[in-house]
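The structure's right below; bear with me while I get my questions together.
By written order: A, B, C, D, E, F, G and H. Residues from 1 in each chain.
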Amino acid sequence: MNDELTSLLTELRAGRLEVPEVAARLNSERTAATGDAHVDLDRERRCGFPEVVYAEGKTSRAIVEIFERQIEHGQDCLATRVSAEQADLLQRRFPESIHNETARTVRIDVTSREQRGRVAVVTAGTSDRPVAEEALETLRWMRCGCELIVDVGVAGPHRLPEHLDRLRGVDVVVVAAGMEGALPSVVGGWVDSPVIAVPTSVGYGAALGGLAALLGMLNSCASNVAVVNIDAGFKAGYLAGLIAQRGSS
Amino acid sequence: MNDELTSLLTELRAGRLEVPEVAARLNSERTAATGDAHVDLDRERRCGFPEVVYAEGKTSRAIVEIFERQIEHGQDCLATRVSAEQADLLQRRFPESIHNETARTVRIDVTSREQRGRVAVVTAGTSDRPVAEEALETLRWMRCGCELIVDVGVAGPHRLPEHLDRLRGVDVVVVAAGMEGALPSVVGGWVDSPVIAVPTSVGYGAALGGLAALLGMLNSCASNVAVVNIDAGFKAGYLAGLIAQRGSS
Amino acid sequence: MNDELTSLLTELRAGRLEVPEVAARLNSERTAATGDAHVDLDRERRCGFPEVVYAEGKTSRAIVEIFERQIEHGQDCLATRVSAEQADLLQRRFPESIHNETARTVRIDVTSREQRGRVAVVTAGTSDRPVAEEALETLRWMRCGCELIVDVGVAGPHRLPEHLDRLRGVDVVVVAAGMEGALPSVVGGWVDSPVIAVPTSVGYGAALGGLAALLGMLNSCASNVAVVNIDAGFKAGYLAGLIAQRGSS
Amino acid sequence: MNDELTSLLTELRAGRLEVPEVAARLNSERTAATGDAHVDLDRERRCGFPEVVYAEGKTSRAIVEIFERQIEHGQDCLATRVSAEQADLLQRRFPESIHNETARTVRIDVTSREQRGRVAVVTAGTSDRPVAEEALETLRWMRCGCELIVDVGVAGPHRLPEHLDRLRGVDVVVVAAGMEGALPSVVGGWVDSPVIAVPTSVGYGAALGGLAALLGMLNSCASNVAVVNIDAGFKAGYLAGLIAQRGSS
Amino acid sequence: MNDELTSLLTELRAGRLEVPEVAARLNSERTAATGDAHVDLDRERRCGFPEVVYAEGKTSRAIVEIFERQIEHGQDCLATRVSAEQADLLQRRFPESIHNETARTVRIDVTSREQRGRVAVVTAGTSDRPVAEEALETLRWMRCGCELIVDVGVAGPHRLPEHLDRLRGVDVVVVAAGMEGALPSVVGGWVDSPVIAVPTSVGYGAALGGLAALLGMLNSCASNVAVVNIDAGFKAGYLAGLIAQRGSS
Amino acid sequence: MNDELTSLLTELRAGRLEVPEVAARLNSERTAATGDAHVDLDRERRCGFPEVVYAEGKTSRAIVEIFERQIEHGQDCLATRVSAEQADLLQRRFPESIHNETARTVRIDVTSREQRGRVAVVTAGTSDRPVAEEALETLRWMRCGCELIVDVGVAGPHRLPEHLDRLRGVDVVVVAAGMEGALPSVVGGWVDSPVIAVPTSVGYGAALGGLAALLGMLNSCASNVAVVNIDAGFKAGYLAGLIAQRGSS
Amino acid sequence: MNDELTSLLTELRAGRLEVPEVAARLNSERTAATGDAHVDLDRERRCGFPEVVYAEGKTSRAIVEIFERQIEHGQDCLATRVSAEQADLLQRRFPESIHNETARTVRIDVTSREQRGRVAVVTAGTSDRPVAEEALETLRWMRCGCELIVDVGVAGPHRLPEHLDRLRGVDVVVVAAGMEGALPSVVGGWVDSPVIAVPTSVGYGAALGGLAALLGMLNSCASNVAVVNIDAGFKAGYLAGLIAQRGSS
Amino acid sequence: MNDELTSLLTELRAGRLEVPEVAARLNSERTAATGDAHVDLDRERRCGFPEVVYAEGKTSRAIVEIFERQIEHGQDCLATRVSAEQADLLQRRFPESIHNETARTVRIDVTSREQRGRVAVVTAGTSDRPVAEEALETLRWMRCGCELIVDVGVAGPHRLPEHLDRLRGVDVVVVAAGMEGALPSVVGGWVDSPVIAVPTSVGYGAALGGLAALLGMLNSCASNVAVVNIDAGFKAGYLAGLIAQRGSS
């Protein structure tokens, strides 16, 4: 920051840049105002990946505008929590986009970045699938290698060991589980990579919409388990990808 | 009930019993009033085991009086949540009593019932020990066979399988665990006996004094897991003993 | 486990089995992958009863596939939380299946095990009926004797004593109650068998969707009361059956 | 109010009262400022009974001053949640005062009102005693007849019926219970008088400091059960006394 | 109880009654089994008023059967939480029944008891009306005098004093309020009668479906405020009627 | 109050007013009873602004009557949480009314008060817009200057500084944010005016319907942040307007 | 911001300032590092008042160093939540400091700003005094006029009106109340100024450490009530002072 | 796993290993039983780092024994939540151990692994220091480079940017914050590395012992924020180290 600042100021001092130009560069074009929203076009420079659109509560038109602006700037596009109607409209407008119904995502690969890193996404039961798919789509959008291992909940304790080789071969493991949320602890005890635990709202009664699983995961006795919000497949995938890509070359 | 009632009434009708006698037998001597409390001396007849004294908030004198009354009626004695002071006084008054410091219990074996049934008490970590000990003392008071398996929490997943033979050889498994409370689900998936899960208040922060473990256990994906109150070693032991003794001859 | 392991290894050492065969037997055919899910076909061997299908969030096709696989392996089938549509399809595909609308279950008796054990299922009010029915269907699937006693809530305190003989004649009592969840405590005080308490989401306002009943049951002053999740009729029935069948010959 | 207002204004209009006098009477001497606090001396006129001092967080001096002011105005005095030190000082200053250690109350009978009404205070267990005693002291201060029935919790279901005659002979029943708080429902089903339920903080774990009992009582299936705050023996006694004295002549 | 018991037994002893007759009288006709439910026909004898039907989750046919049974036994009928469809059917079957749409109640006056007691039902805002109406209908069914005072919430502090004369003229005040639930405290400070506070689920956000009002009322600094469940208009009315009718002759 | 009282009484004493007149003025015309509700017409005199209609749960007819009564008394009208149907009817009856669909408000400018004060309403994301609009409409009804700054959530930290000049130029800042509710703290650290934080129910899972944001805002480390209820755009706007208009001349 | 930036850059461009100087001014001396902490010396410029020291968890030496640094920069000093030991040391080091024991504050008036604005601080009961005193000390540190009105809780409804003239004469009212937290709503209905409500942790049982009062205040039906954290006397005072000083000249 | 298994079995089949030897290797020496606890000596092989001792609730003797066993096996030692007494004893027994009082840790560097990776640990305020120190000690035990940045909470928004260069130069950022927990979101918006957020129990009232910060962090609008338990400095450090060391070579 200081380097950037000092260098800009030096240029100015030397007369190679003018005041309005420097002021503009310091405050500039990093946000694109669309009708309804402001896209953070600077996000990729700061954080490594472009802004992702959370579709819930947005008009289809707003999402289209954001995608258009991102495509103009050469940024990959991803929208999550997309309704059927929104997806329809997006697919008509962007025929190259990929819609994953289970994940409720739409993404457009604009760049041709190459794949790096490897993440396994594991589910305790079949009902955790949508959350896992959201994580997978996010990883695909990041160009991170990924694979899915389903239905290895702790009530069938022989199922997980069958997959240990695969789990030990990846950079990060994402575990999606509802009910008591015990699976991340068990996985965490078998691997030497970070585990991103994502509680799902699967269950009833004292599951409290995912709070039981969330609390379970936060209290995991395995040291390598970090937690994200309930049903936050996107965030789990994003963090896993970020970590996996650091760890690979 | 009806049988008992009908037979008493028949006796009365036949003149073999008198009214006050029948009224007395119907409303009678099933409670012993001590200074501070009423002992339910009928409990053993109704429920199979005598009343157990919860020592917290009771004077030592009150506990002594209850024990005396129970001994008079030939009932085994057990007090839980006994403070050091209470234990001292009880041991002086009843030298034959057995004090378990970790469990915080005092018990007196009055009858010479023979041992029946077999229960394994399992802990996730060393801090769950006091709760496990309370369960064990309760089982000893019931004359139920019992054994302790410690420190097999899920973060060390190879530790539990080493004990599977023992776990499969008992009538009931009691599992005490704090933090995320995942162990009962894992145990439940390996055995064909009922699992009594007792959450402990071990942990900090989002453990919420045992609530996280409690919720986890209630939402267990294993079908054979029933739950008791947080730190309720006594109740876990009692239920396990009740079930184990039914299941054995 | 060790026995099994040692014997397999001994066979291998002796040349009576080959490496791939042993590896296969150790990691083998215990899970059947269907389109959407993995059935734990080993569950019956480990836990005494086959896996039960939780229908919520599963496609009808997935349930059909699981049932087919279980029937192939000679396992009794049970699905809970079945929607009307799912039930329709299952009944068309398996005309021998039994659909209980109130319980929302479908089951198929594949084996001809004989009935063992005896459980009473008790409700506090008429609204607790669906949960009680789920418990009853589970018990029928287990071939455990069962009977239903309805509407004996504590506000009509003379109603319960009328049934004491029946309650005292069974191996386990399941009590389903909403609102304040007081009935298990009262039942627990009258019987010498274990009581499985299942809180229901019956009630409004401070009933908090069954949490009030759940907390009440966890704090029961009766020593023989274990608790399962809110509305968890299946789990209550399963535990009761497991215990009852141990206790009978 | 309007009557009082109209009559005051009529007096004024007629010249029988002067402006400052009427203004004073309308805004007047109903509060006595002591060093630390303002005593509501008008409370008895408005609400039937004088203000009661909640001692927690007050200096002993402040309580003495309030009592002095109340005695000057011929009002009976009651302080609740009195510490040992406060009680000492109050007893030295007011030798006629009555200190109940279990209830943690100090009261002074200033008036010689005669006793009216009859309330039974019932406890589930011995640990509920302090709350029951606070209710009893409040009733004594109100000069309401009262009696105590202890240790009739639902786990010993034969204990309550022994007292039904007494319970049916009073105007109001106060029931103090912790843990699952089931006793008020059971009592409510046997009597035709109002039941004031007071949850106590007795219990541990999922008792949540009395919240479980509170929720249980609020959801009571008995129609005649009203609830007050956790451990609020004073309020339970006050309400019971108010109702009982209305109902008697 | 003992009296009744002794007298029955004396009759038996004297040969004026036979064993089966006494046994029948002791266990007898106090419950009427309908298709779906058991009506507690003994409720009126024990508690002063007949059982009230909570319609939610019951079939219309079940309610009709209960009403028929109650009418046979000369008991007044009241059903609460009645849906439009249920009300329709009940009105067709019992043309003399009274349906209150706002209160969601249906009642039938079978007896010709005379009116006794007087209760004021007060609401903080217009949205609290349905709860207040349920209380009023309950009071009418009890033949207790009642009146409604609406919209006197504390934000308009001059509105309540206008009604003080009416509030001071009744035996009990019921106060229904949502949001912060402050009105019962304010009313409680002005009157010398018991106040039954009923929190309503009116409000949003941190109102938490009535929990904020419930907690506020439980913590009321006015001594004469007792609380019932959220939206429990029936229970508030029932308790108020019970108290009011005791207090009047 | 006393002044008003004294002066009224002086007039009375002097014979310039008569008793009924004074009594009427003291208790008088401050409330207008409509069919369903009582309008607090005195609100403007006491609190500076007329009563605002919370439309949820009210009939359209009731709102119309209240507006008519307010217009008769020369008061500006505002209704919040207006449904589409209610808005339709209000617009037909009052063609001069202004309906804001996003804000769900209808208002009528009756007076011609001039604009005073200046408030900035800031949102973290686009989904917070409806709450912000409700605040803006309230400010317009108060004739307070206002401007909207959208989509400056903390994940794009360069976006807020662009608006600092505008934020520093107003009297009060309203900040609407969901999820973690961090924006008010950040804004609070940049400005010297009060910040009214309004949590929104935007988010999922552990957002708990706005509770997470609410707790975050209450714990703000910035000293100048006050909080209102979840989604309470009206209250945020009202408070901001009240403060802004005091601070300007 | 931009102005400041542009002007700095213009100076630089014109050669009137050098690069290091501008960089220094942009990143400069706004934070003073002490041994343990960083003091935000720029706070006064940005927010109008200097940083306030929250003493809990800080060493006395750290507070002394922060005060010294602030005094060097001519800033008034305030520390809250000061323990007796900390206060002692601060008073020895800064004899001119003012220690308020009840408020647990220490402050030093360094500047000679003149008093502006007027705030009334109101308490419901005597136990709310410490929170009120913390607010008062904060107001004194801000040089804002303030006065205290104690013990006007809603259970004594005649007490508040006596103070209406005073309440109506100030710019802002702070109301501190525990238990049900009803007082801010009542005050809010009588005044036309903003009300800052501060819930206190006064009460027991269902008061939940101030949560009941907090929820009550957030749901206040009075439009002019904003809320701060439980026991946050400092923040209530700070906000009130900020608003009051804006509104006065 | 399968590879290991197959190779062992192949050795066995070939006669190069004997049955007992293979069985032993499969079930073997991975756990060391001390008096009180079982050390998971296999942890390092499975998970990359040795087991860490949570000292709370353990005897000093038990910790000594575990350390001895770990040293025998050439494993680095770390104990967290160490009391002063425990630390004393450990330091006497292991003079080479390093005790960090603020962090409450004791560690012994047994191996001479070289440093890899770089983590910045950031605190919002001085009170978050102990949690940050626990994270730092964990990182030192892992031989991960680390640095501490204190007191950059969001209320002083200019403080964070001064450290951006350092934050952008590390592999992972750990952020410890209490109160509203907003700092991780702000940091997350500036960096392209993963952020591990650790809520602290710093704050009062509605901070709810760290729950407010926890919820805030879980709902962070920054995509790169993962969360661990309240005050879980160890787990935050561990995860950060695990990630940082993967990402560096």
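General observations
The definition used in the following text is that a residue touches a chain if its C-beta (ideal position, glycine included) is under 8 Å from a C-beta of that chain, and two chains touch if they have at least 3 such contacts.
In this text the structure is predicted, and so the values were computed from the model without any measurement.
The angle of the rotation carrying chain A onto chain C, fitted on C-alpha atoms and rounded to the nearest 5, is 90°. Chain centres here are C-alpha means, and the one lying farthest from chain C is G.
The interface of F-G is repeated, with over half of its contact pairs matching by residue number, by B-C among A-C, B-C or A-G.
Work out the mean CA point of chain A and of chain E, and you get 54 Å between them. With centres set at the average Cα position, the gap from chain B to chain F is 59 Å. Centre-to-centre, using mean CA coordinates, chain D is 25 Å away from chain E. Chain contacts: chain C has residues 2, 27, 125, 155-156, 161, 188-190, 205-207, 211, 214, 218-219, 223, 229 touching two or more partner chains.
Each chain pair that touches appears in this list: A-B, A-C, A-F, A-G, A-H, B-C, B-D, B-E, B-H, C-D, C-E, C-H, D-E, D-F, D-G, E-F, E-G, F-G, F-H, G-H.
Here chain D touches chain G in the complex through residues 27, 30-31, 36-38, 40, 42-43, 51, 54, 56-58, 62, 199, 201, 209-211, 214, 229-232, going by the rule given at the top. Across the complex, chain C meets chain B through its residues 1-3, 46-49, 52, 161, 164-165, 171, 188-194, 196, 214, 218-219, 223-229, 234-235, 238-239, 242-243, 246-247. Listing the residues of chain D that touch chain C in their complex gives 124-125, 153-157, 179-182, 185-186, 188-190, 203, 205-208, 211-213, 215-223.
Contact residues of chain B toward chain E in the complex are 2, 5-6, 9-10, 12-13, 15, 18-19, 22-23, 26-27. On chain G, the positions that touch chain D within their shared complex are 125-127, 129, 150-152, 155-156, 158-159, 161-162, 202, 204-207.
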